[in-house]
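Heads up, the next two complexes both have chain A, just with different partners, chain B and then chain C.
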Partner chain A sequence: MFRRKSSFGFLEKTIANLGEILNHADQATLTSGEKGMLQQLDPRVKVGGALVLIVGAVSTSDLWVTGAVFLFSILMIALSRLSFRLYLERTWLGVLFFTGLIALPAIFTTPGVTIFHLPLLHWPISSQGVQSAWRLLARAETAATVAMLLILTTPWTHLLKSLRFFRLPVIIVTILSMTHRYLFLLLHLTQNFLDARSSRKVGRWSPSQQRELTASILAVLLSRSLQLSEEVYLAMQSRGFTGEIHILDEFCFRKRDWLSMMILTTIAVLLIMLR
Partner chain B sequence: MNLFDIQCASYRYREVQALDSVTFSIKRGERVAILGANGSGKSTILRLLDGLYFAQSGSVCFDGRVLNEESLRDEEFSFEFRRRVGFVFQNPDVQLFSPTVFDELAFGPLQMHWPKSKIIEAIDSMLDRMNLLHLKHRVPHRLSGGEKKRVALASVLMLDPEVLLLDEPTSSLDPKSQSQMIEFLQEFQGGKTVVTATHDLEIVGDIAERCIVFEDGRVAQTGTPSRILGDELLLRRTSLIHEHRHMHGFGVHKHPHLHKFHTHPHEPIGRIKPLSESPGSS
Partner chain C sequence: MHIPDGYLSPATCAAMFAGAMPFWYVAIQRLKKVLNARLVPRIALLSALSFVIMMFNIPLPGGTTGHAVGMGILTVLLGPWASMLAISIALAIQALFFGDGGITCFGANCFNMAVVGSFVAYGVYRLISGNASLASPRRIVAAALGGYIAINVAALFASIEFGLQPMLFHTSDGAALYAPYPLSISIPAMMIGHLTFAGLAELVISGSLVAYVQKTDMDLLRVTAPSAADRDHEVIEGAAVNLQPLWLLLAVLMVLSPLGLLAAGNAWGEWSSEDFKNPEVRKQIAAASHNVAPPENIPSTFEKLSQVWTAPMPDYAPAFVRSPRLGYILSSIFGSGLILLFCFFVSWLTGFGLRMRRRGTA
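Right, the complex of A and B next:
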């Protein structure tokens, strides 16, 4: 969505990425409207299920359990007609990168039986280190996969309403819903701001100009965002918003919801027993 | 009986005194224009009228009841108040936050616990009425400025409020949408109270029977549109008109920018005079 000179600066790349985020959010609206398996479940079941699976996968010391949860979510991705490519690009690679950053040092620093020395640097790699890094990565990937399943198959407002069902305080749900609404505004603002700047600029930005621009954008955005977020809230208040989430579709439990509940309960019990 | 009663209301943002002891009232069913230059406090007074901000001194009363934090904490009153009073913001971006135009229009009725079938029906007829049916499933934040404005208005009108507060309703509309908007506001009368903040003098006569002119957070003057628009000194002092220079043939002249049809004695052709010397007329 960003058409500009071939030599992109850091700043322009960042903004282009922001534009991408907007597209992603639209994507979630699209995928949650598909007629896949998870899309047709009651959101409350999904939130409960995701909670059980994430807690189960993260708290267990048995990697097989984490692996099982991961495989289960793979199955769900397929049954819910989500694209694996989307998953790879937006979830798995990102988590791999960020968790990798955290996990990598652990490989070298965890004391234990040395199984290998890094060539040239001669840093020792312990089997315990590899194991703990691997465990961290597996847990993070699994948790992210499950969370994305929930997000991609549930309209945002439904998700919020089911969070209320699980007794999450009004204030937190309000903050979440505001954040989501507000994010769009902020991204557009950023984009307009940068577009306005670059339309006044001839030629390329030098690195120092870029730094200057970044600083000024951040300053303006911060103050604008405070003001705008207040206004967004006022506008919602003006139309009767009190923090409680109301949506058009009433949640109703059907047979498949009861069935999924039973399956989830079984999984939860199994997870507890395995620990 | 007065619907709104504003008594010596003041409001101060941290560093700016936006409203300074403002007093006026609005009758039930009246159509009022709030005029004023940028920063004169128009948006702020509308926010006070909508119970979003509260007067820091003085008072704002709606239908005999004072608007303050305490009265709006009363759920029953605040529910009634929100149902009866609709506010279209100056910046439509802050007002549109739902995933689709449809959801946007459903937001207000949902807060008011309307039954589902009624909501769906009302949305369709509103979209039809506002010529927005083709945008029903679009993402609001991807609409054009004018479309956003119309969706924002439609979403407020869903609750069929008896009081409508409009902040710059015609800015960023193309001429056709603008005249549609004005037509709409004229039709909208039927016992409804409409308060419009604007600095567009062209539309004032069409949308209001009384004007309140703001200047630096104070009420400078009130009166009928024809009286206010005829008071050139006042308009000039409150920066609602400015010297307008343009060329006719080769003669440059200046006169107040009133957006009215005008004629002037022209300079002799063939000579361009320095700006400052041109004779004024209107």
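Right, the complex of A and C next:
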């Protein structure tokens, strides 16, 4: 939630953050259009399958089961023609760094049987601590890998439609899709603001100047959001919106979907039994 | 504060989902009830704004940066129920589209940031802003503090969820199955960062955006302040000051007054003449005074003056009450009642003076 860094990189860091998100969205659009195995499946099967695998990987206390789910995900990555490099950059290294940082002190703080002493500092490393840290890391990596499989192989619109199948209220699906659509508009707008400001910047800014800039950008964004919401409202009115929301639901199960569902059900049963 | 998958046990995740579910249900029902087409795009756009706010590194004093969530400003502009939905939607997009925050922990993340965050922000905002006018600087302070306290309470909830994991879910030899740190580590670890960096970021964003709205479109603040006047000098006829939260606070404090009994011994310097005669209490006085023993003979004036006035309720308990707890509560009711009577009397006197003056000028 926070990080220390020099004041010089404040704009650049935020621009990089935004760029990363926009890149991620572009990448997801491209990969979900590939002719891989998961891309061909019905989104409802994928959502259900991802939930089964994540809950299975998280709930088991057996690391072999978590490992098996991870290997299964690796197989799916290959069959869905997704890039391992993309996974390494976007998921595995990020989770390793973030969760690793959180899990590392646990190997020293967890009481238990000492298996090693850290050279020079002589801090004891306990067997229980190593197990705890390793388990946390394995679970987080596996769950993130499965979640990214769903994200990278399913177009957002399909994902939204499949949420209706899981009884999510129509009004929420509508707001979700609207939020997603205008989110990118706001992100592009923010990136333009920051680029424009950054190209006119000479030297360093004091923290108070940075705060002023951030507050003014967010104030303009707020103003733009409210103005946009009025425009969208008028557009809805002009198209005859009466408060009734309808969305197209045209998914149909094919043979491969039934087969995938059977495989996933088997995996779910196995996970429950192994638990 | 976005808890990833694997940090919380499935039982905790299910409990947190169950905890958030009634709030979502009520929020959706309220949204359907008051559904006007204007509200749907407004929630969507402000939800998108909350997402963008989370992306910003807010520069803070000391060369650090923090991330805000936007719970303060969203609550002020939408009210707690709609704000709860908007933040939940931003969190859903983060989890489902960007893989930030776990899918199994979605309920916990929503409960902490959307439910707790929105309601705490709303409570603090309403309590501080009271019936101040829409243009009042008090609203800026109220929103800023609302955001600050809300993000910290949300972080406290998250840290408690983390801290409960090793207590409840571990192997037979003591290895943690989920988040490995106990409450003694998880609470300070989370709170230090939020009390300083993230909290300040939320404070800056909430305060500055409310100040901006006051200048540009003040009516937007009316959602959470329906009876407030536009400017300080305007008085809305019949708009009474809402004292309900203060009465409630007074009642809670009265009920909590027996907490004073938990303190052992007397406060330093508040000894009676009887205390100086009691050898046990003399020892305590000496121990509390760097081992300097109190004088053997009590000064005569000390004893005389202590008898000038005898309190009707000595030691915070009327003589007929045996239970010290009940005595404390009765004393607090009696004391508060006397103060309120005095205040009513003074306000009646000043009101009487004003009425007489008006009659004189008429």
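We take it that the second predicted complex is superposed on the first by the 203 of 275 C-alpha atoms of A that agree within 3 Å, B and C clash if a C-alpha of one lies under 4 Å from a C-alpha of the other, contacts with A are read in each partner's own complex, and residues count from 1 in each chain.
Keep this in mind: contacts are C-beta pairs under 8 Å (C-beta built on N, C-alpha and C of every residue); 3 or more make two chains touch, one makes a residue touch a chain.
Everything quoted here is computed from the prediction, not taken from an experiment.
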When the two structures are overlaid on chain A, which partner does A:H188 contact: first (chain B), second (chain C), both, or neither? first
Looking at A:S61, would you say it contacts chain B, chain C, both, or neither? Reply first, second, both or neither. second
May I ask you to decide whether A:T29 touches chain B, chain C, both, or neither, giving the answer as first, second, both or neither? first
Now for A:H117: first (chain B), second (chain C), both, or neither, which partner does it touch? neither
Answer with first, second, both or neither: which of chain B and chain C does A:R254 touch in the superposed model? neither
So in the superposed three-chain picture, is A:P155 touching just chain B, just chain C, both, or none of them (first/second/both/neither)? first
In this superposition, which partner touches a larger number of chain A residues, chain B or chain C? C
Which holds for A:V232: it touches chain B only (first), chain C only (second), both, or neither? both
Taking the two structures together, which residues of chain A meet both chain B and chain C? 156, 182, 185, 228, 232, 236-237, 241
Partner chain C, residues of chain A touching it in the complex: 1-7, 10, 13-14, 17-18, 21, 24-25, 28, 50-51, 54-55, 57-59, 61, 90-91, 95, 98-99, 103, 105-106, 109-113, 127-129, 131-133, 135-136, 138-140, 142-144, 147-148, 150-151, 156, 159, 169, 171-172, 174-176, 178-180, 182-183, 185-187, 190, 207, 210-211, 214-215, 218-219, 221-223, 225-226, 228-230, 232-233, 236-237, 241, 243
Chain A residues touching chain B in their complex are 26, 29, 155-157, 181-182, 184-185, 188, 228, 231-232, 234-242, 246-248, 250
Which bits of chain B are touching chain A when the two form their complex? 47, 50, 52, 75, 78-79, 82-83, 85-87, 89, 91, 93-95, 97-100, 103, 106-108, 110-113, 116, 119-120, 139, 141, 155-156, 159
Considering only the defined contacts, which chain C positions touch chain A in the complex? 1, 4-7, 9-10, 13, 28, 31-32, 35-38, 40-49, 51-53, 55-67, 73, 85, 89-90, 92-93, 95-99, 102-104, 155, 166, 171, 173-181, 185, 193-194, 196-198, 201, 204-205, 208-209, 212-213, 216-217, 220
